[in-house]
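Notes to accompany the following structure.
Chain IDs A, B and C follow the sequence of writing; residue 1 opens each chain.
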Amino acid sequence: MSQYSETPDARRNETMKPEDAATSAPRPVLEVEELTQDFGGLRALNELDLTVNEGEIVALIGPNGAGKTTFFNCVTGIYTPTEGRVYLHDAQKRRHLLNGRKPHDITAMGMARTFQNIRLFGDMTVLENVMIGRHCRTRTGIWGALTRTPFARREEQETIDISYDLLESVHLAQFWNERAHNLPYGAQRRLEIARALATNPRMLLLDEPVAGMNPQETKELEELVRHLRDSRDLSILLIEHDMGMVMSLSDRIYVMEYGSRIASGTPEEVRANPRVIQAYLGESDDA
Amino acid sequence: MDFQYFIELFFGGLTRGSIYALIALGYTLVYGIIELINFAHGEIYMLGAFTALLVAGVLGIMGFPAGGILVVAALAAVVWSAAYGYTLEKVAYKPLRGAPRLSPLISAIGMSIFLQNYVLLAQTSDYVPFPRLLPEMEFLDEIGVMGPSDFLILVTSTLAMIALSLFIRFTRMGKAMRATAQNRKMALLLGINADRIISLTFIVGSALAALGGVLIASHMGQVNFGIGFLAGLKAFTAAVLGGIGSIPGAMVGGLVLGIAESLTTGYLSGNYEDSLAFGLLILILIFRPDGILGKAKVQKV
Amino acid sequence: MINYFGKALLASCWFMLLTLPVMGIRLNSVDQTVEWQLGRVALLGVAIFFLSMLWTWCFSRKARGQAIVSLPPAVSGSLKQLFSLPGRNAHTRAVSLGIVLVVMLAMPHVSSFYQTNIMISALLYVMLALGLNIAVGIAGQLVLGYVAFYAVGAYTYALLNQAFGIGFWACLPVGGFMAVLFGLALGFPVLRLRGDYLAIVTLGFGEIVRLTLLNWASLTGGSGGIKDIPAPGFFGMDMDINMSTMFVYYIVLAAVIITIVVISRLKNSRVGLALQALREDEIACEAMGINLARVKLSAFALSSCWAGFAGVIFAAKTSFINPASFTFMESAMILSMVVLGGMGSIVGVVIAAMILILAPEYLRAFSEYRMLIFGAIMVIMMIFRPQGLVTGERRRYRITKLHGNAAKERA
């Protein structure tokens, strides 16, 4: 802990040297170093390292209770990590330390997420849910709202139109005026993705995006995720239990067990890793 | 002389505090099981005091002896308050299981207003004198720090708290209550009837509050439809002070609050007595919402 | 069917036993007699018998997902049209709004002095309920000590006027500002608190404000309050009591209209959306980049600001204020208006406030039971219709792609 005891501001905006244009080495977007999270006496995450590079789709897998969602909560600022560092790189290749920042701040810096147990604003309409995602990219305040200045009106119309476009991109446009809780399950998961995209993220975290979906829906969502990555300046980290999807979609995979990383690499490497096989198949001994 | 004054204040606070503790137990038991601030709990206490007053009045006119009246009136208060508590839960809270968190709270506030006005309309808005029923206890005069009602309050509330602790600790129902408080889903899986446990919690809490109501009524000598609001809030403060959900916490919190109030009144001014309780409530909730004996919880996402 | 009756009969017996002491016994302490009032208890038993059947029936409907009250389609259709203010038909809407406005404007000229006064207090409550609706209804922050801000506004005017002779119009913004300061003073420390704790803290805050007003007698006059607060002036015109009451009426009416405009604009704005999101899920809100602290404080500030304005007007209207006007029961009354009207609904809250204030005034038999009914309303609404009487005030969005870049957009 002591090595990070400088004032928070001093360590926030470390600028990395611009890389040589010649090297085509992958540029990281999210860098996590030795992340540790304790709850009382329980160590939920243990010195976890993880990197997501620009344009990559990375999967985080592991048995239930391995600490995957805790990892997301640490990275997005809902929990404050006990130790370790989380960095996000912006489009200008500057590296920002996220530790100690508030969740809304982290979202504004370009990280967005969905939730395992869908957290939509159920009583609001589908369009409004996405519009709320635009909150951190718009500026109209109370005064603007009350006087309805030309700026406020224009910004509002833009928000509406952008949000509608996002709904189209996740194939939900026809439901735009429905209440979110009336949507079928799979559609709710896609709406969460659209809402997260509305914040203009560089880094998108998906927490079990196909949980509870049938094979057909899973296939479609896989296509959607791939399409989003290709059509936007976006990197994706996902937690998933559906191995078929993980293997075909991910560029790289991290495997966790009991809060620690036990393996990482390409899908082929991970599939062949004996520790992974043991962690997954070894479970049948206890069952 | 000064020390004597302090001792008097201290015992005064202890008396008051044990009443707060009795009511606070009701808040804590209910909160422990269904995570609801039973806003109408103070009204149950008031109903207990009123029931005792009415029963004592009837018996007094019929010419019963004072000591007997007190016992019968207290019993009636306990029985009826428990019934009110049971009914309150069935009518106002049970239909709201699984509703958003604020719904039962608003329902509880509504019930509190309803019960106050029910007594106001059925009886009176005036303060009603509570008959003097306590025997003189000469040995207390020699000690000189408390009157018979203080003595009665201390003894009764101590006994009640011991009884509750034994009940929670050793009986089947008590164990089921503890289990439900710790993990309702698990308790259900193990075949504990959650509805019955919740009803039981309300009955036990209400009975304790009624006991507090009778004791304070005979101590203060008067009763009014509005006494439940303030007493309820202060007892809630006590429950939060000790850590809401914790039974020993409610007892400790009640005593601490009572003594603090008594000392403030004695050394500063009676005007600040109520402000002190509310100020304390706000400060604890903001800075240490888990109280003295409560445990911190991790927010689930 | 037997079961149905049996249940009702059981409930009826249970409640008769339950209410036996409090309803059945009255002590006459002067001549030492007991008045048994068993008739009341029996009457209650009969009432409970039918109420219990109604209760069971309501639950069975609720369980089947039906509306508790289903009106004939014709009636419900016209009601729907009446309540859906930003309705499809701009013409109907304008006409009905116009009628309401004309009636409200003409009211003090055609009614008595007494009725105008009642209407003023009803409108003040409308203002308060709408203000509280920002925090409770829109943003989901249960504030139980709302009347404290009302008191701050009232005392600001009374004290400034008493000490420095400052007039109503100068005090109106000051009162609002002071209330905002108090709102922020309360808002900052409670930012992290969960819903039910927040409710209790605001309740404690309200009581502390009232107790301070009561005990700081050298400043506030204690329970005696402050007398002779002047009514609002109009360019130094001399007004008799009738005229000045009428003037106050128009001030309150204007204030209510402004409140409605402000709140409907706020609700439909970027900030309003964030407030509604806050009501639904704080964690998701943060994850969407909404600064919780800022949004919550905005809700507190706006909400308390309105109570401050209403307080100044109240002081000017009654010319006398004391702490007894600012008890928890007032807060609870305002809250029950919001609950009855519908959380977040403007039309609903206006109607609810009017009903709850005017009904007891005009139905004398009813007025005794007023608080009893307020309490019951809160319970019944939560159980059977938590969204309030009026819902569905949904905003209409115009999407350029679907609806074209229409210049004929309605304002």
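Assume a contact is a pair of C-beta atoms (placed from the backbone, for glycine too) under 8 Å apart; a residue touches a chain by one contact, two chains touch by 3 or more.
Computed from a predicted model, the values in this text were never measured in an experiment.
Centroid distances from subunit C, each centroid being the mean of CA atoms, peak for A. Chain C has the Cα centre that lies closest to the mean of all protein Cα atoms in view.
Distance from the subunit A centre to the subunit B centre is 49 Å, each centre being the mean of its Cα atoms.
The mean-CA centres of subunit B and subunit C are about 31 angstrom from one another, to the nearest whole unit.
Centroid to centroid, with C-alpha atoms defining each point, subunit A and subunit C lie 42 Å apart.
Counting partner chains per residue, subunit A has residues 78, 115 touching two or more of them. Within subunit C, residues 283 each touch two or more of the remaining chains. Across the assembly, subunit B contributes residues 301 that each touch 2 or more other chains.
Interface residues of subunit C facing subunit B in the complex, by the touch rule stated above, are 14-15, 17-19, 21-23, 25-27, 29, 32-34, 40, 59, 140, 142, 144, 189-190, 192-193, 195-197, 199-201, 203-205, 207-208, 211-212, 215, 283, 328-329, 332, 335-336, 339, 368-369, 371-372, 374-379, 382-383, 386.
For subunit C in complex with subunit A, the touching residues are 262, 265-266, 268-274, 276-277, 280-281, 283-292, 298, 302, 394, 397-402. Residues 36-37, 47, 50-51, 53-55, 57-58, 61, 76, 80, 83-84, 87, 91-92, 95-96, 99-107, 109-123, 128-129, 229, 233, 236, 240, 271-272, 274-275, 278-279, 281-282, 285-286, 289, 301 of subunit B are the ones touching subunit C in the complex. The part of subunit A that touches subunit C in the complex is made up of residues 76-78, 102-105, 107-108, 112-113, 115, 119-125, 127-128, 131-138, 140-142, 144-146, 148, 152, 155-157, 159-161, 164-165, 176-177, 195-196, 198-199.
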